[in-house]
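Here chain A shows up in two complexes: once beside chain B, once beside chain C.
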Partner chain A sequence: MATHEEIRDSLRAFQEGYNKNKKLKIMNRDWNRVVLIEANDVESKHTLILKDGELTVCEGATDNPDIIVTADSETLADLFYGDITPTEPYMNGTLIIKGSEDDIVRLDFISLMIWGE
Partner chain B sequence: MKRVVSVSLGSSKRDHQVQVELLGEQFIISRLGMDGDIERALAKLEELDGQVDAIGLGGIDVYVYAGKTRYAFKDGLRLMEAVKKTPVVDGSGLKNTLERETVKYLLRETNYLSPATKVLMVSAVDRFGMAEAFIEAGCDVTFGDLIFAAGIPYPIKTLEELEEMAGKLLPEMTKLPFHMLYPTGKKQDSRDEEKANKFAHYYHDADVIAGDFHFIKRYIPDALNGQMIITNTTTSADIEFFKEKGAARLVTTTPVFEGRSFGTNVIEGVLVALMGKPWEEITADEYLELIKKLDFKPQVIELV
Partner chain C sequence: MNDLVKLKKILTLRTIIATSAGLTLSSSTFVAAVQVAGFLVGDAAWLAILTGGLLCMTAALCFSELNGMIPSAAGIRLYFNHAFNDRLALTVSLLYMAVIMGVIGAESYILAEILHEAFPLISPLAWILVMFTVVTGMNIVGIRIAGWFQDAITYGLMVTLISLAVIGLAKIDFQLSAPLATGGAVNLLNAVAVGVFLFVGFEWVTPLAEEVTHSRLISRGMLLAIGILSVVYAVFTVAMTATVPRESLVNSPIPQMLFAQTILGDTGTAIMVMLTLAASITTFNAGLIGISRFVYASAREHVLPSIFSKISLRFFTPWVAVLSIFVIGVLISLLTLFSHRYLVLVNMAAAMESVIYVLAGLAVIVLRKKMPDAQRPYRIRGGYIIPAASALIFSLLALAIFTTFPRVFLYLGLGMLLSYWYVTRVVPRLKQLQRQKRASGRRRRRPVAHAEKQGD
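On to the complex of A and B.
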């Protein structure tokens, strides 16, 4: 089980990976979304805000997110540290993403662009 | 009499059957749409296995390529592995030969392509041979794989970048349900209005729009301005559709039987049935030789 702090640190690593990738910022200039990241085994909520290609991470939940990402704390930390890819936990139901299919593909894409081979 | 059946994840509205003679052999060629229902497709494949001479998998890619690397879609493999006795193909073996040859044919026999030609390939990893042929011809090519499959307004301009992106994305994305990346079933009967408007400029800026028919159709803008379309699996109604949209010319990469240009999976199935050897052992040169023997050529249809 990961702690809230570990999830926060993993999200910061994800944000750092995103911010270092200039191409990714260009690719996401059109995609303004609010993403709620919540653990289902510990009390931990974070909000990712994508706006004009920039990604920010905030502690806590937000009203009316476009996408909700839910998983156990270990999966979330592994995912945002890039130790695992989102596809497999998404397909086996460990990772639940509520949002449009297009947004789910886009989120998968961002993760792979940061951590992919 | 040989029987080749294409089991497609596409709409059943496009079902059809033709009888043709090829190299003195009679063929019945059928296409059966499963309306995006993968379980129904699996049941149909099991039913046909051992009953026909070759099976084509339509409306889905099993294998796509970027450079020398091959990526396999999990859903496609599941369908392919359901067939144990009959040769089963997805068209990817033939695409590399036939569609590369289409570009060469247009360069050799027409003045429709030149280094100044702007080409939009709506997706390239499913037609890497064609992508390479356009680049070799010196065309200004935009690969729309990220734009149309993932909704990301990022035009890829080189084969190197396409290979780099494919290497990062495809090992994982091929594990997603195929319908998340490609229009299957009922999505093939409608246009994605939002993306069609958002990405219209990529169509309008091009002289040539090439690639998968369903991708082209799903994201086509309200009107074209005299583009040449290079694709296949078109029916007479599709020819009218492109004409109404304002395309100047349609080039189909596969032969036309009874007004219908078949998918490469069907034609590959026919070639495999003619050769009578496992598709894994068939080389590009053998396909090319047989295509020449059959006198298969691209069909150019003027629309204005």
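On to the complex of A and C.
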């Protein structure tokens, strides 16, 4: 089981990877979305805000997200550190994502571009 | 998950019904409708269609329970994985996608024939290439058909079909003379088996589970879509067979055009061209999106070669997956165009769909035993009766198709063996290659000491 701090650190690693990728920022400049990341085994909620191509990470939940990502803490930390791809936990049901299909696929594209296969 | 948090964008029941019915309504469904009538001697096509719809409702109930339990866009892949095992889930999913590609091939062929009928100077081949290029281009650039447009097309299409049927029946002052004359139980069974094809794709709405507030909306939407479609198909098929000689309809890939032409002349042709074009493009587009996403996700999971996970840096779309489907789709369409064997594809889809529904019924039973305490927002009433009946009925229907069309059994059997071989021989190698590549090419990013301390 990962801790809230580990999840936060993984999200910061994800944010760092995102910010290093200028192409990714340009590609996402019209994709303004709010993503809620929540663990289902520990008390941990974070919000990713994508606005004008910039990604910020905030502690805590938000009222009306566009996408909700739910998994156990270990999966979330591994996922945002890029140690696992989202597809495998998604396909075995460990990772649950709510939102429009296009947004979910876009989030996976971003992860692929930051961490590779 | 926190139930208090609500998504910004959610889908309504209206759009769910339109999506479920819209994916089902296509050019090839009219061919299947005429096939249904062809099995029966009297005006009993309505009976077979309504029975087919009713049977599909039992499958829809099974999908509702599964979808409520596991609300995911991964759909059958995940349901069958939980109920049986990943190997079976993957084998069936790969084959299912291949059959859906075949349906797209049949669909494009039929649509090309319709357009060729309306514009004889342009060959069907040119139409096939134009349609595939347009839809592929839309998918690569990332243009999506808006929800309201899908709603307008689906509801407009259903209203127009009913109107045309009423006009046709009124013109000949139709009287139901032999509403129950089926020509025997075997004929009725075959008609119902093919009739199931009319509803193929209703369950493709389950991936929208991630975009609704409550999974009950999906089950309601599916059931209502099947109910409405049953009535539309039943009335339209009876009108077609009552106004146009049955032999002409059965031997034509475009029976709906013959019907429209017979009752309204050139105006009817123009209306039907527009209707079919709208219906086909949405079905075609949805099929292409669904398959390209499946191919992309499979490549991300290392089930297919990683080249299929390449994305366009300009449009954020899986362009290799989309282009590959374009090539395969055009090849299937060309094969259909030259062989004219579109009915094999239609019957294969009906049989495959029956197999999927059998597995869905069994999955409900297995999961109730395997995961008795799992949350089920929707649970089919009456214990095991409906899932067991659904599994049994669709087994019989699949058997009926296999015995009537042995080629279908042969092709699907070969497809199943090929898919199983791929899953058991090729997929483990692809996964192993990926593991080696990972081990040599990258280090673990998550701080190792901390992760190990946590027992990772």
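Operating definition for what follows: the second predicted complex is superposed on the first by the 116 of 117 C-alpha atoms of A that agree within 3 Å, B and C clash if a C-alpha of one lies under 4 Å from a C-alpha of the other, contacts with A are read in each partner's own complex, and residues count from 1 in each chain.
Simple rule for what comes next: contacts are C-beta pairs under 8 Å (C-beta built on N, C-alpha and C of every residue); 3 or more make two chains touch, one makes a residue touch a chain.
Everything numeric in this text was worked out from a predicted model, so none of it was measured.
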Fit-or-clash call for chain B and chain C when the two complexes are aligned on chain A: clash
Which superposed partner A:91 touches (first chain B, second chain C, both, neither): both
Which superposed partner A:108 touches (first chain B, second chain C, both, neither): both
Touch count on chain A, higher of chain B and chain C: C
First, second, both or neither for A:58, with chain B first and chain C second: neither
Which superposed partner A:78 touches (first chain B, second chain C, both, neither): second
Partner chain(s) touched by A:30 [first = chain B, second = chain C, both, neither]: first
Of the stretches 22-30, 148-156, 166-174 or 184-192 belonging to chain C, the one that collides with chain B: 22-30
Contacts on chain A seen with chain B and repeated with chain C across the two complexes: 23, 27, 85-88, 90-91, 101-102, 104-106, 108-109, 112-113, 116-117
Residues of chain B defined as touching chain A within the complex: 146, 150-154, 167-169, 171-173, 175-176, 180-181, 198
Chain A residues touching chain B - in the complex, by the definition given at the top: 23, 26-28, 30-31, 85-88, 90-91, 101-102, 104-106, 108-109, 112-113, 116-117
Chain A partner contacts - residues on chain C that touch it in the complex: 1-2, 5-9, 70-74, 77-78, 81-82, 86, 144, 207-208, 210-211, 293, 296-297, 300-302, 306, 309, 311, 313-314, 316, 434, 437, 442, 444-447, 450-451, 454-456
Residue ranges of chain A touching chain C (in the complex, touch as defined): 1-3, 6, 9-10, 13, 23, 27, 34, 36, 38, 40, 45, 61-68, 70, 74, 77-78, 81-83, 85-88, 90-93, 96-102, 104-106, 108-109, 112-113, 115-117
